[in-house]
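Look at the two complexes coming up: chain A is in both, with chain B in one and chain C in the other.
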Partner chain A sequence: MPDIDTIKTEAKRLLQEGVVEVVVAFKAGDTPMHPQPAFFSSPDEIDQLVYSGLCQNNLASFLTRLPKEKKIGMVVRGCENRSVDALIVEKQKSRENLYLIGVPCEGIIDWRKIVEMVGEAVLAVEENAHLVTVETQNGRFALERSILLHDSCSRCAHPNPMSADILIGEALPEGDPSLARTALEEFEALSSEERYAWFQKEAERCIRCYACREACPMCFCEECFVDHIEPRWTESGATPAGMQGWHIVRAFHQTGRCTSCGACERACPMDIKMTYLTEKLNHDMRKKYNFEAGLDVQTQPPFATVTLDDKNRFVVS
Partner chain B sequence: MREPAMNLILEKQSLPELLQSWRESYDVFLPQKLERFSHFMPLQDDTAVLLNEPHNTRVPPKALFLPMTETLVKFTRFGGYQDADHEVQPRVVFAIRPCDAQAVQLLDTSFVQEDYTDPLWKEKREKTVTVGLGCHEPCLTGFCTTVGGGPFNKAGLDVLLTDIGDSYLVEVLTDKGNWLFPSLQNADDSAIETGHKIQQEAFDRMEVAFETEHLKEKLEQNFSSPYWDTVSQSCLGCGVCTFLCPTCFCFDIVDETQRRERVRNWDSCMFRTYSLEASGHNPRPSRVERTRQRLSHKFVYWIDQVNQIGCTGCGRCVRYCPVGLDIRAMLRQAQTLPFEVSHAA
Partner chain C sequence: MSPKPRIALFQCQWCLFSQSDQEWVDTQLPENIHLTKTPCTGRINPLYILNAVQGGADGVMICGCLPEQCHFKTGNMGARRQLEEFNDFLDYTGYDKARIRFVWLDLQDRGIIQKQLASFEQELEVLGPASNLVTRVKVAEGGPDA
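The block that comes next holds the complex of A and B.
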């Protein structure tokens, strides 16, 4: 784990020296498993800053919620750094208004897996590199950290922030890129009918709360297609057409933009699996265009670019 | 007037058989495992009855009375229309938690009024018998006693069950509930005593999550306070807290022209489009105003309208908020706001 005091010292310095106006990080939550995103604007507040495996949000989702010109400091892990860079590519933020405090990430702990194993009456959680110790009303449990990782983190290819202004702690070995396929293998092995049944089974639990959208740093549209009334792009409500329409189009809008952070799944109150859709699209982008979102701040996503020599003439004529 | 509560005893091992016997006359809904959580679903021949889960269903049972999407009217292309089929079979909602039952009763004040009654809500309410399962292990995130309820509160229930070991103490509270237990023995004094002791112990274990005294005045008088900026700062603006809330009942009516149906869908004051007007003006332009609306509705406007807090302390918004916002902490913070005692009669 990166040293929390070093993170705090750097965050404090940024505010003291006026490098940034606000530091976006986490503070302790009101319940033991839910640290909260926090916005520190004075050095005195930095004492509240925390960092742990339970910090489940992608803080980059707050970038587009803050004024564009505001100078922002942010504690970023690998995926958050990629999201920030993808947002810069899409001109949502200028790099000069950002200061990124990078922390190599050992993976986010899925609190739902803790609850599944030890029940809901959790009083406190402590962790080190290998073990997560959970104190509950019914006793103390030491759980292996690796089995508690969120699914998208257990297959993470890039745990290190790649363009941070400062890196706190030792860089971790890069992940195995073939792991990204694990979410897909089971799904792709199925027949098209079985795949549709899988998709239906996941989508039918949807309550249309849009937590997946709001938790996603790349879902920053002022008006989402589902909120459009004229024309209406998909059925409203919790009908099969409405729920499937939402999940399909949401995923497709992420093509070449998704950074595989998994914040959508972590936010979902109905435990809907959805990263298999975006991972499939990410895989296709890698295979067909050799592109991965957020690896630099220049390359436009393939579907956002048009060139005069496009082989489809209708695009340019 | 209601008869005094009748106390019966139900052996746990005979519960599955009893539930099945109800299916002759009722649709029976009870919490069942769905993925990693529990969910109210109809009892089938092979349904495993698992009531060990100490926590509540993920989606509150308000969905059985106000479905996420409900068709109101079907219409034709050229002006004709007909009411949608709203026939509901008599049904039992089994193992509903007291916070959720109280919430359904609270929602009656909105859907069943003197000058207007919602026929869809009323039909479902009248045809439903609620069998509550009290919480002998109240959840840490719940705060029912803080908002006037309790882990064995009887509001909105026809029957209340208390787990007393190998059996349940069955308190029949209404005539509707009485029909369900034709052949149970009366509980003896020791069973009743054990049940009441468990109920009291559970009640005593609950801590006060926040003070409710003068909370209404504080929220009202600090309408423009920076407090609202602080508590809404990390809010994502999703609908988790409202959709999973047992007392949130807002809906939006939409004409699904392709299906030729007029439907009502759950809606959330936390959404931008909720208060967006046709002109483009939005009186609640940001998460600050929307957060204020959510809290004020529950802790100010409900009290103005029906003299009850619009929250039953189930704790779902606390447990499932994607950014860990905790309404208890928000209200504890509100208690530190300045206010003047109002002298209104």
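The block that comes next holds the complex of A and C.
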């Protein structure tokens, strides 16, 4: 785990020296398992800053909600760093206005898995590199960290922030890129009828709260296609067709932009699986265009560029 | 006899260089084919295709120009990247890939579109009516256009 005091010292320095106007990080939430995003604008507040494996949000989603010219400091993990870079590619922010405090990430812990295992109210949580110690009214339980990781974190390929201004703690070994396919294999093995049944089962639980959209750093449109009234692009009520349409198009809008952070799935109150959709698109982008979102700040996503090589790429009927 | 499959046809307005072909598409399309003319295939948002599918089409045909023949230089190339991927993605979620067909026409071609529509219709008749991906709720007449 990166040293929290070093993060605090660095954040405090940024605010004191006026390098940034606000530091975006986490502070303790109302319940032990839910640290919440926080905006620190004075050095005195930095004492409240926390960092743990239970920090669920992708902080990059706040970048586009703050004024473009504002100088922002941010505590970023691997996926957040990639999201920031992907936003810079899309000209949502310029790198000069950002100061990234990078922390190598050991994976986000899925609080739902803890609740499932412990089965009662959690009073306190402590963690180290291998174990998560959970305290309930019946005593203390030590759980292995690796089995508590969120699904998208267990197949993470780039846990280290790649373009952070400062890296706190030691860089971790890179993940295995072939793991990205594990989300797809189970689904792809099914026949098309079974795949549809699965998709339908997931989509029909949707309550159209759009938490996935709000949690996603790449969903920054001022007006989403589902909120559009004239013309109405898709049904916006919780109807079967509307839910399927939402899930298909939400995922498709992430093609070549998704950084596989899994924030959408973590935000979902209905526990709907979504990364099997975006991972498929990410996989296609890697296979067809050798592109992965957020690895640098220059390469445009495949749908934003065309080359004449394309002319032989597709089947002409 | 079962009703003919419903086809949504998206056509780039430049791809039928032959006036007689374009006139046929504009005026003599069979009733089961719904034409949407777009300024370029690049203008076809994947949402249009999804709306056609959810609006009850049994098949969707997209017809545009070959690469390097685009009226707007690269519109069709962008469309190829997006729409092909969208088709793959719909297939992944369980929609039959064969129900969406791309026809890239050479500007010199004559009488191709009629043949393509006929063969697509035949193929759809074999596949039967589309069942995967639910259709939208029918809106009562005079109500808002959902």
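Quick note on the criterion: the second predicted complex is superposed on the first by the 304 of 317 C-alpha atoms of A that agree within 3 Å, B and C clash if a C-alpha of one lies under 4 Å from a C-alpha of the other, contacts with A are read in each partner's own complex, and residues count from 1 in each chain.
By definition in this document, a residue touches a chain if its C-beta (ideal position, glycine included) is under 8 Å from a C-beta of that chain, and two chains touch if they have at least 3 such contacts.
Source: prediction; values computed, not measured.
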Contact-wise, after the overlay, does A:Glu235 reach chain B, chain C, both or neither (first, second, both, neither)?
both
Looking at the overlay, what does A:Val306 touch: chain B (first), chain C (second), both, or neither?
second
Going by the contact rule set out at the top, does A:Lys280 touch chain B (first), chain C (second), both, or neither?
second
Please indicate which partner A:Arg195 is in contact with in the superposed arrangement: first for chain B, second for chain C, both, or neither.
second
Of the partners chain B and chain C, which touch A:Glu116 in the superposed model: first, second, both, neither?
first
Figure out whether A:Tyr210 sits in contact with chain B (first) or chain C (second), or with both, or with neither.
first
Under the contact definition given at the top, report the residues of chain A touching chain B in one complex and chain C in the other.
235, 239, 242
Interface residues, chain B side, partner chain A - complex
34-37, 54-55, 58-59, 67-69, 137, 139-141, 233-234, 236-240, 243-244, 252, 254, 256, 258-259, 263, 265-266, 268, 271-273, 318-326, 328-329
Once bound in the complex, which stretches of chain C touch chain A?
46-47, 50-51, 54, 66-68, 74, 77-78, 80-82, 84-86, 88-96, 101-104, 116, 132-137, 144-146
Applying the document's contact rule, which stretches of chain A touch chain C when the two form their complex?
187-188, 192-200, 225, 231-235, 239-242, 244-245, 248-249, 251-252, 255, 277, 280-281, 284, 288, 302-303, 306-308, 310-311, 313-317
Partner chain B, residues of chain A touching it in the complex
29-31, 34-39, 56-57, 61-62, 112, 115-116, 119-123, 137, 205, 207-211, 213-215, 227, 235-239, 242, 266-267, 269-271
